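As written, the chain order gives the labels A, B, C and D, with residue 1 at the start of each chain.
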Amino acid sequence: MENSLGKLFTVTSFGESHGQCLGAVIDGSPAGLAITKDDIQQELDQRKPDSAITSTERAELDRVEILSGISDGITTGAPICLIIWNRDVDSTEYERARFLPRPSHADYPAFVKYGGFNDFRGGGRFSGRLTAVSVMGGAIAKKILKLVNIEIIAHTINIGGITAASKGISEIKQNRPQNPLKCADPEVAGEMAKLIEAAKQQGDSLGGIIEGIAINVPVGLGEPVFGRLDSELAKALFAIPAVKGVEFGAGFSAANKRGSQNNDPIALKDSNIVTTTNNAGGILGGISNGMPIVVRVAVKPTASITEYQSTVNMKTLKSARLTIKGRHDACIVPRAVVVVESMMAITLTDLAMRAGFIPRVIK
Amino acid sequence: MENSLGKLFTVTSFGESHGQCLGAVIDGSPAGLAITKDDIQQELDQRKPDSAITSTERAELDRVEILSGISDGITTGAPICLIIWNRDVDSTEYERARFLPRPSHADYPAFVKYGGFNDFRGGGRFSGRLTAVSVMGGAIAKKILKLVNIEIIAHTINIGGITAASKGISEIKQNRPQNPLKCADPEVAGEMAKLIEAAKQQGDSLGGIIEGIAINVPVGLGEPVFGRLDSELAKALFAIPAVKGVEFGAGFSAANKRGSQNNDPIALKDSNIVTTTNNAGGILGGISNGMPIVVRVAVKPTASITEYQSTVNMKTLKSARLTIKGRHDACIVPRAVVVVESMMAITLTDLAMRAGFIPRVIK
Amino acid sequence: MENSLGKLFTVTSFGESHGQCLGAVIDGSPAGLAITKDDIQQELDQRKPDSAITSTERAELDRVEILSGISDGITTGAPICLIIWNRDVDSTEYERARFLPRPSHADYPAFVKYGGFNDFRGGGRFSGRLTAVSVMGGAIAKKILKLVNIEIIAHTINIGGITAASKGISEIKQNRPQNPLKCADPEVAGEMAKLIEAAKQQGDSLGGIIEGIAINVPVGLGEPVFGRLDSELAKALFAIPAVKGVEFGAGFSAANKRGSQNNDPIALKDSNIVTTTNNAGGILGGISNGMPIVVRVAVKPTASITEYQSTVNMKTLKSARLTIKGRHDACIVPRAVVVVESMMAITLTDLAMRAGFIPRVIK
Amino acid sequence: MENSLGKLFTVTSFGESHGQCLGAVIDGSPAGLAITKDDIQQELDQRKPDSAITSTERAELDRVEILSGISDGITTGAPICLIIWNRDVDSTEYERARFLPRPSHADYPAFVKYGGFNDFRGGGRFSGRLTAVSVMGGAIAKKILKLVNIEIIAHTINIGGITAASKGISEIKQNRPQNPLKCADPEVAGEMAKLIEAAKQQGDSLGGIIEGIAINVPVGLGEPVFGRLDSELAKALFAIPAVKGVEFGAGFSAANKRGSQNNDPIALKDSNIVTTTNNAGGILGGISNGMPIVVRVAVKPTASITEYQSTVNMKTLKSARLTIKGRHDACIVPRAVVVVESMMAITLTDLAMRAGFIPRVIK
């Protein structure tokens, strides 16, 4: 009952995992922006499982189609509808276990909330597949942000407890694209891949942490006191299934620091006011302060595992045991990296429009 | 430019730290709800610095007045305006250092965003004092939630790295109210108090972590895919100044677990479907699943410290050194506990109304 | 940049007149509602030009497809995407006169607002064809309203100055469906048809007035002071292209009456409080009062006429003369009748949900 | 439950007719705008009954106070709270007739909607006095519109069937301020005054029509297809109590015209594209076209009349007769003129911000 995100730049989501399609209606884009199907497809392709690692087995071919709002490769100012037609769908497994909620999936609360009428096949609206909708929205948003030079990059910094070494932005931009785990630390990424492979063999799964960074964000994004930049980013990021934590800058570690350690000293650099550290993660008082926006999101391990789990039949109220078959990612973290970027891009675009940074027409 | 929170139940904030008043307009409350000035005052008093500990020195006497929407102790269905008139205000220190942004305060981005016209005295709209507005809103929200038996309690679980032992809900409810640090672990709270005292002596400050719990939340709160319960809670909680991280259930630690460890087994208990663990923190797919909602927020150390800090004069663009005088909390965590409860209450009320759980008129 | 209508029940519009499709995303419908493609098609068919009269010539075959949100004929609680694929499109005429704004069309302001990037073919987003989107939304809304027994009927009461005799609701419900002009007064409808035929022969066009009625509306719809029933209805009705006036009950004629004539006496009827007249049109203080909602909308004559008109080339800024070719309705009033019903249905559904009258799940 | 109007520029209303105060929280104003208490008071004074005519007897002294958001006469970018403390209140008459709904007042639907808990004294939230809140919001909006040269003027064009002669804008601007009925046609205004006096003697009341005009509105305000300029204006204007009709340009008379008569020819004037007539009322496709915005609103006769009226006791369900004592305007039209201007100003400001015409900071 709330499938639109954003105030001036909005993304409305529709479609189901095993339904006919997944779709996004993106409203608020400036007119006159050049954007091709390929631009969007490129982003979607970042969500694809990488064959180099073993994180998934489903052969997904998410091909975007533009239904409205873009004419001859240029936005018209009208709402942009993007759609992915579903294929390769086998719902028999879901039919079979319809009344057996899978642990740590949305099955049970969704069943209660929607009276059992929700489309449960493939998780319906709660499938990770739905993130393709956000990626389509993010593709448009990234194009808009480029107008004001804002760039977003996310990368894997932890999988199953293995943590990448801290890297500078230029290194991240260089290393990440080539890495199948979207990790900027190639050595550690190798270990991560092995851990994923091992978990997979055991029918188990892994979580991790993704760091998202936005650079060249001008001072002034965020609308305090309730439309704050951190508030809006967190709202969007928690809309990614499996995200259980969001922190900015020093985040939870700030709890253990003293003010004298955590405060970011203010200094001049090339006539600009900057801070010499960035424990604030680029946000003070809910407003961007010109430093890179740095956010980390915790992704829980994939809930679908093959070992037997306890559940309860929602119809008979009898205890049951469940094993989840089918093709599932042992670790969705690498595929979620572009989703983190997309949610950041959508939010920053909306706030940039609200702050008056984006023209209504591109000339 | 965005000073309202909520969709059906909304709290609109106005007022400044050193202005005439702080005010809240609360819209959407059912008509016929009994609520007195004392009910609200009691909540506000939870924000008061406790004289037993040394966390603050400003003698604040926040007395609420009801300006509209409540007649003879009963809500009328009209918007409720609550106000606190400011007193005990000395702004000379702020006038003196007007163009010297304090590190890790909102001074610099606010100056840029509002062109220097923002009321900087006492931090203006960015002061921790503004949380009194949320507490007033939360007071109404808690009364509404009582109608459906939902209860919210938050408590301090970490100050400056000292962590309280994990306690059950009944113990938390029993211990917390009597503890000046709002901590359910009295022994550890004593150590926390000493640490605060020490930081204070050094002119330094501490952060910490607050855990918020909501019990008796029915299955079905939260409006996926973009009005999710976790999304809306995070949005509200990040609107508390100094909050740098939010996590639900296992949170960031889920990143290091395997699915087999993190999944919450589903079981029957008194004919209800429950989970035997609560790594989900009561939320699956953005919807409450009937288990307690558990959220933790990281609070950074108070940015106002007395030792000298580097800054830059925003007018002259010359480097400068700044020392912050005046009365400041060495640790605001205990006072923020009721604020966490308030933001949770406002959000749960709004979502309970959106899900159809709250009647429009109390009979 | 604002293509969604409604707060809890929302309709998001996308697509262009001569683009690939017209689409609606309808969010907020209760789960468990039976609705078929035929239900929606039936409503769309009301928008069809009637071959019995000569009001149009374009052979439109608007066939709805359900893309999401309805499974096996039952709503799932997910957003419903409905789509009409466009065909029978000839845009050459529009290409030819691209820079010559048609008088009383949106061409000129749209050109300026969207920097000339808007899809001008067939009027793009400003075409009367876009009302099909609202009709699709209205089809869902009418189904929801039926749950609480609310019924909506609109009818033509004036075309080109010819006014139908006032009829009771039962007569309207009986006569209107059979009448090609959607007029409840068959005799007068005959004259209207002749007038339309004459205007058509002259290459000219006619406007008219449609009256919309909602019955069995419970007391209490409308959210004062700014979400009033009349406010929200008017907002929706003015979103129908060509509507230039909206009035409730006595409307503009109330300006000429005395209070003693205009006030509706309050009386008892079958133990219900009613009014013996209905100058209020069923709305007092922005809230439904249990009497029929009565609204009238003025529709301007079709802007597309074949005679020569003065205009200015937007590119060269030279005066020009323009004749509009192609197939156009000489009078769109009869086809707009179902659109008026749809906008009323969407608005009443949203307000019924906000007032708590609609369950979230149909059992 | 919906007491905020606007998206980027919002006015939130609180307070009751016979409560402690009336208040407005105005959010979204640019920072750095000069605005004094007198600027706002001047607008409020336009709502005052004029002693020269006999339209009211209550000695209202609405004195505005600024509680927040304006510092030293300059907006800070924070929400502006304006308040009027109530005085001169006698509620005994209302207490006496509490369960007897007054015909054509909101008493009955409000009683049902709010379960009898609503503040009924003086009409509570439904009183005409509440329009003072809109006027306070309008005062800020007018100041903002001045930045882009937009000017708004409304005037009385009909009272009780007596119609003023049509006047040009310069004549309206010259004549209206001096006229107690806010009518630009002094002769006819004299007759109107006599009619009001006569109605008053008979304990009866009169309605009328107000025309609102906005000039220098740039092309491009309005956000189709659902945030259209006409849609948003109508929504705001119907929020004025007693308004029963709204029309733009030719309005209802367009229904009786042919396209060839109603279409506005497009021409060049001083190198600008204009129309030589303005049947569109300055709005095409929901977007301003650069011509003056012209809107007319029908105001019903004051519902409070002294002659006996039929009603029903809401508690006992027995028929009753009611006479309304106390001081009431026999015709509120002249006092509503500034309210029409205010609602127009609030709406145009919001849409001007959404279209990117208003800077966030005034330099």
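Here is the rule we use: a contact is a pair of C-beta atoms (placed from the backbone, for glycine too) under 8 Å apart; a residue touches a chain by one contact, two chains touch by 3 or more.
In this text, all values refer to a predicted model and were calculated from it rather than measured experimentally.
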item: Intersection of the contact lists for chain A and chain B; value: C, D
item: Longest centre-to-centre distance from chain C, chain (CA-based); value: B
item: Rounded Å distance between chain C and chain D, as computed from the means of their C-alpha atoms; value: 27
item: Intercentroid distance (Cα basis), chain C paired with chain B, Å; value: 46
item: Whole-Å gap between the CA centroids of chain A and chain C; value: 39
item: Chain A and chain D: spacing of chain centres that average the CA atoms, whole Å; value: 46
item: Multi-chain contact residues (two or more partners), chain B; value: 1-4, 8, 13, 113, 125, 354-355, 360
item: Of all residues in chain D, those that touch chain A in their complex; value: 7-8, 354-356, 359-360
item: Chain C contact footprint on chain D (complex, rising order); value: 1-5, 13, 101, 103-106, 108-110, 112-113, 125-126, 130, 158, 160-161, 199, 204-209, 219-220, 222-228, 230-232, 234-239, 241, 243-268, 271, 273, 275-276, 279-281, 284-290, 298-305, 307, 309-312, 314, 317, 319, 354-355
item: Touching residues (chain side chain D, partner chain B) in the complex; value: 1-4, 8, 10, 12-16, 19-21, 23, 25, 27-28, 31-32, 67-69, 71, 74-81, 83, 113-115, 117-119, 124-125, 360-363
